[in-house]
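Across the two complexes that follow, subunit A remains constant while its partner is subunit B and subsequently subunit C.
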Partner chain A sequence: MDFRLAFPALVAGRLLLAYTSLPDVLKNDHQLSSPLTSYSRLQEGVYLFQQGFDPYSGGPFRHSPLLLSVFSTVFPLTRFTSPILWTACDAVAAWALVRIWRARQNIAGSMRDTLVAASYLLNPYIFLPSLAFSTSSIENALCLTSLMFACQGRSSAALMALALLTHLSLPSILLLFPVSLLLLTDPFSHLAFPRPFVARIPSLPPLLAEFTAYFLGLCAAATLLCGNTTWVEKTWGAFLLLPDLTPNPGLWWYFFTEMFDHFRPFFLMVFSVHLLIYALPLCIKYQHDGVYATYLLLGVLATFKAYPTLSDPGLFLSMSALFPETYPYLRHPIVTTLLHLHASLLLPLFHNLWLTQGTGNANFFYASTLVFGMANGAALLDAMWAGLRVAIGEMRGECEVAQE
Partner chain B sequence: MQYRHYNTLNALLLLSLCFLAPVWSSNSQSAVQNGGGSAHTNNWAVLVCASRYWFNYRHMANALGMYRTVKRLGIPDSNIILMLADDAACNSRNRYPGCVFANQGRHLDLYGDNIEVDYRGYEVTVENFLRVLTGRMDPSVPRSKRLLTDDRSNIFVYMTGHGGNEFLKFQDNEEISAFDIADAFEQMWQKKRYNEIFFMIDTCQANTMYSKFYSPNVLATGSSQIHENSYSYENDNDIGVAVIDSYTHYVLEFMEGINKTSQTTMQDLFNSYDVDKIRSHPGVRMDLFHRDIRHALVTDFFGGVAQVEVLPQLSTEEPIWSHNASMASPVVPAIDLFPLTKGNITEEVQDVELTGDKTAVPHPFALELMAAVQNSTSQRETNYRTVRAWASAALLVALVGWVCSRGK
Partner chain C sequence: MLSGWLFNVCFFLSVLAARTVALHAEQFDEELTLRPLRDGKLAARFSFTTLLKGVAPRNPERLDEDDDSQHYTLFPLALGQILREYAVTEMHLTLNAGNWAYDRWGYPDDLGVSTGAELWAWMGEGGPVTVDDRWKGLRNALAGLFCASLGSLDEQRTTSPALTFQPEGSLPRWNASHQLRHATLPSEHVCTENLTPFLKLLPCKARSGVAMLLNPHRLFDADWHGLGVHVRYLDAGVEVRLAFQAVFDPVRLSSDKRRDWSLRSVFDRTIDRACPVARSSEVRVELLPDSAYAITPDPSEIDGNRATYAVKDRTEPLDVAMRWPGEEAFQYPIEAAPLSPLSVRRTLKGSSQSDAQLSVVIRNNLPVQVRSSYLETMPWLVEFYLHTLHADIGGVPRDDLVSVISYTAPVPHTRPTLFQAILTLPPKTTLHLTMDVTKTFLRYTEHPPDAQRGWDLPPAVLIPFDFGEDPIQNHTTSPGTSAKYARPARPRRIYTSVLLVDLATPDFSMPYNVIIMSCTLIALIFGSVFNLLTRKFVLVRLDGDSAEQKPDVK
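The block that comes next holds the complex of A and B.
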């Protein structure tokens, strides 16, 4: 189907869906929004700010002050305006994904554009949190626009978008590694013919400095809004200190509900460092293809982030549409699909059994998050394998690739 | 800030009350003589089923029916003492485990999944019942098993089981007499443990049980007079035993038409007694009750209605920006982390009953709070906050715009 027709149609469909009563049903769902992305909490924070109370002085509000400033002045959050904003975010993200695809293939348009856009807009992991008005949709849009600008070589715009994304979601600072790799190389697909990264080290510090400058500028805007720096501990501190143990599809919360206080700092450090250790090795191993490195790091973040929602693995799965060259080399795509299907059915079921009906307990939901983690892990591992396997190519004879 | 002034204001209030006490008591006297509203501030219920064994299923159902009604009309579990001498719901003879029904055809499960039985099985004894009423308990008894009433509490005491002339049988091995209950009520009066008691009893020769009361403010009713049996209402063929008693059935049927805002009086309840239907002669004793029962509401005893004073409205300032009226302001729902969990039987918030006295002076503590809120949100601070918000948004937009304009 022609991309120029399909894309507006998909966006219009999403907009119509957002104006039904579906958002009210989904708004407080724990899989679709976490304590850091929940729309109800955002509304509460905006209201408190307008009434003169500090929204960060204890309480449920953990969104970034940038969101607070935008939604309390320029863009009021109402039942009428929120669907527009969230549909626009999805449209921008899908458009950015299509542009990344085109940049990667170095073409102006292709038959596959519609498929790429649809893989984002029709992915239930993406559109359900968007219908629940979870701010993770905004994060996804920023991530993809940053990637798009990086593919187009526009370093300032890419780093600005990344700085904005980091302000909303601290773990995304790890994306600085692959994005700067991408800015120093090109976005084309080099999976089949990898070549070592020609180290233009002097080009890196200006990029990092620019990122730092944007980051600090945004910090200044945030501090200006709040009048003090309490927001740092409440927003970014949540990722590092895990104060709110509301259930979500991630792997952190259950672990820390049963954690003795004595060991809590140690394991918080372990979990945070665990995220950190993936960044550099992925960039080194996939130095020939920056987009693929970003893709894999997004998968890592989706699986191991502190407060994930369904949009994070959704982004990872949707981005797999950019790499059709890896499809023949995926070892267990059906298993991964079935695991995801299994997990996506179990998560709401066990959540309902635990918290609505009361016939189950937290272990039910925890088990379903483990299955979900396994599904994400299976997808990630398969993507890692396939990305490297492409380079080896068809095997003749009875040889088999055992290790890359 | 409020805590600093709390103690002094409290003391002031007590002092003023001391001066007002004579005025207040005379007011209440005149209010009583005028047949005005009851002087209670909280409601309690003591519901006792005194007989065990499967064939006394109907007594359990009686008590549970009253429990459900009383909860529906607003008395919370913390204010209800439910004593069931046997477990009909989990009885091995119960074909419908976990359920207790009170009608043929089993249309309404009285047991449900949200009930609190405070005294169960062998804990239902005469001694425990009297200790609950008088409050003389071992310190180790938990709060849920205590009747924590004060002199402004209206108590609904309901008893059912097998009884006779001035006695009620507990657990098939002991009995409580009318004198015991009368003495317990007198102890409660002396210790100021109630404002008014409504005593209802459904047994054979029930009216004899209230014949010995001598404490003031007690209204009593029973299902049958001396030398007369009280009969069960109907059997259920699948449960196999009688499921409800006749008197209680008709009282519950009457109560189904009552809700929290109902103005039905106790006189209406007593007028609804139909001797032919109930098949016995229910009685009422109102000589000890100082109010006119034509003005005493059913919800004074069965419901948990709160009296609320309306304070003069705070003058709230304008919001930071005012859109046209058609656009609703951002709604603030209470953050509900578990929005789908089923609540108690009583779903709605308790209704409020406005006092008719619009000229009531607010509590001085409340006045202080209102002043503090108004002072804290002064116009200058609001403006400063608005400026900061817009400056921050402007900085953000400028930064993004500058980066976009660079084209790099």
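The block that comes next holds the complex of A and C.
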């Protein structure tokens, strides 16, 4: 189907859905929006700010001060305006995904464009959080925009978008490694013909300095807006200290609900440091392909970050549309698909049984988050394997690929 | 010579003792007020007031100096030591059980009828110990003194709603200002173990005077009962008032469903002798103006609708009895106008364990417009969505009737919500307030042992304070109920009933399992990822015996 027709049609369909009563049903769903991305809490923060109360003095509001300032001044959050903004975010993200695809293939357009856009706009893990007006849609749009600019070689724009994303969601700072790798190399697919990274180390510090400057600028703006720095503890601190134990599809909440009090700080440290471990090794192993390294790191974040929503794994799954060359080499795609199918059926079912029906207990939902974690992990491992395996190519004769 | 010297010493000591007594003149008054209620119940209020004349509360700025020595004869020493140690100017502790029915019983004689425990204190600032540290010490000391779980009134429940809890006495003029600390624990119960230390604070214990009637078997059988300790600073000195309130049901106690009562039938005791140290000891009975009753024995004094018995003047045991000879059986009034200016009903709607809606229905019973303050002190277990606060009257949105004056958002695991608003209630109308709330998820160690029971949430407090002019009142001949409320002496608090919230519980037997299973999953993925990242890919020939190895992808 022609991309110029299909893309507006998909976006219009999304917009129409957002104007139904679906958002009212979905907006407080724990799987679609976490305490850090919830629309209700954003509205609450904006209301408090407008009434002259400090929204960061208490626990309910944990969004970035930048979102607060935007939504309390230029863009009021109403039932009419919100669908437009969230659909626009999705459209921008899908458009950026298509541009990444084109930059990667170095073409002006292809038959696959529609498929790539549809893989984002029709992904239920993406559009359900977006219908719930979760601000994770904004984060996804920023992430893909940053990646798009990086693919186009526009380093300032890419770093600015990444700084904004990091400001909204602290764990995304890990993406600085693959994005700067991408800025130093080219966006083309080198998975099949890996080559060592040609060191242009001297050009790295200016990039990092530029990112730091943007990031500090945003922090200064946020501090100016709030008048103090309590927002740091309330927004970023939540990723590290996990003060709100509201269930989500991730692995942290039940672990720290059930944690012994004297071990809590230790395990908080372990879980946070664990996220850091992946960034550098992934960048070193996939140094020939920065986009793929970013993709894998997004998979790691979706599985292991503190307050994930369904849109985090959704971004990872949608991005797999960019790498058709790896499809023949996926190790166990059927198992991964079935695990995801299994988890996406279990999650809402057991969430409902536990919290609404009252016939199940917390272990039901915990078990389904484990299955979901397993599915995300399987998808990540599949993608890693295929990304390496594609370099060996088609096997002829009685050969098998194994690891030493 | 020696005897003369001894005489001098004794004389000097006795003068000194006389001076000390003169410095701390104490007076003790006790009073029992009995009030037959419209629905056949009997409200009893015991009040034991000790006034320590000419003494001021301790200034917190002198907490590091040695305190004046405390010699009391009537004033309760155990309580006095706590007040001096933590430099408390004013303090109110109530321990109640049951819901006070304002509509049927009117205002209580003592206003503190919050279900469970409520403690609030005004304390001066400054000095070596902070107000919060002294507040902590005060509640722990009172917990020990009254055998109640007041230690649980910690930072997670402490607020400072100074508009609603104004000092009842006066505050000394020190350099630093005073601060309020207030906390409630609705799940706390009152029982014999609290009454025993309470009685020990009385100069005559329960052996004489009206305190003889404090029979735990009957008091804790009452429909509503509660004890209170009120300390305030008056210009005359420091006053400690110990109070016990109860609402008995004589109809339930009687065999033929009559509302006749006597001290013997209600308390199973009579007042045999007066407390010798009491300056006054009185039993007061409020008389119902419009019913045919008989009261025995003859009161010492009748003043309007109030009969007074002076216990000290009596030689034989006092057993006040009230009978309605014309009544076969008591008929409950079916449709009677509410006795309080406002009727409040507060509920938490919704069956989900993650979200709910707080609904407050307030009816203004007066024919005049009433303005009322509205206070919520909610533990962080329940978080308000203030942007969803809506008011309507009969389905018509009237958000203009609510003005939020202060809001302190909760901090999980740390601090409760404080929400104060002013409501404007049009005459004879019902205002519906709704607000979405979200229920938080607790760590497994934060749940009480009976987690599935749910959590008691503190009552909201309303104070109607501004009564508008009644347009009809000037033309009507009988000044009806409205005139009675039009200008109350001081604003009076109305507590709503407490709420029970059902919070989602984790599986309490699972901590090890969760740690093991989550860590296994993480280790599995981590291990596989680093397996893929660190090991080389090789080609293995399956049929040949010499495997051709082709290193690939560094």
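Rule of thumb we're sticking to: the second predicted complex is superposed on the first by the 403 of 404 C-alpha atoms of A that agree within 3 Å, B and C clash if a C-alpha of one lies under 4 Å from a C-alpha of the other, contacts with A are read in each partner's own complex, and residues count from 1 in each chain.
Keep this in mind: a contact is a pair of C-beta atoms (placed from the backbone, for glycine too) under 8 Å apart; a residue touches a chain by one contact, two chains touch by 3 or more.
This is a predicted model, so every value here is computed, not measured.
When both complexes are superposed on subunit A, subunit B and subunit C occupy overlapping space and clash.
When the two structures are aligned on the shared chain, A:G373 is found in touch with subunit C, with no touch to subunit B.
After overlaying the two complexes on the shared chain, residue contacts for A:N28 are found with subunit B and with subunit C alike. Once the two complexes are overlaid on the shared chain, A:F256 sits against subunit C while remaining clear of subunit B. Of the two partner chains, subunit C is the only one that A:P196 touches; subunit B does not reach it. Between subunit B and subunit C, C touches the greater number of residues of subunit A.
When the two structures are aligned on the shared chain, A:A386 is found in touch with neither subunit B nor subunit C.
By the touch criterion defined above, A:L355 reaches both subunit B and subunit C. With both structures placed on the common chain, the touch criterion links A:A94 to neither subunit B nor subunit C. Residue contacts after overlaying the shared chain place A:F80 against subunit B, while subunit C stays out of touching range. By the touch criterion defined above, A:E44 reaches both subunit B and subunit C. Working note: subunit B versus subunit C after chain A overlay, options 117-125, 315-323, 351-359 or 387-395, clashing stretch identified as 351-359.
Shared contact residues on subunit A (touching subunit B in one structure, subunit C in the other): 28, 40, 43-44, 46-47, 51, 60, 246, 355-356, 358.
Touching subunit A in their complex are the following residues of subunit C: 351-355, 380, 383-387, 404, 407-413, 415, 417, 436, 438, 440-445, 504-507, 510-511, 514-515, 517-518, 521-522, 524-526, 528-533, 535-544, 548, 551-554.
Residue ranges on subunit B touching subunit A, taken from their complex, read 319-321, 323, 327-328, 330-333, 335-342, 376-377, 381-382, 385, 388-393, 395-397, 399-400, 403-404, 406-408.
Subunit A makes touch with subunit C in their complex at residues 28, 30, 40, 43-44, 46-48, 51, 53, 55, 57-61, 194, 196, 243-247, 251, 253-261, 274, 277-278, 281-282, 285, 300, 303-304, 354-356, 358, 361-363, 366, 370, 373-374, 377, 380-381, 384-385, 388-389, 391-392, 395, 397-404. Per the touch definition, subunit A reaches subunit B in the complex via residues 28, 40-41, 43-44, 46-47, 49-52, 60, 65-66, 68-70, 72-74, 76-80, 154-157, 160, 164, 214, 217-218, 220-222, 224-225, 227, 246, 352, 355-356, 358.
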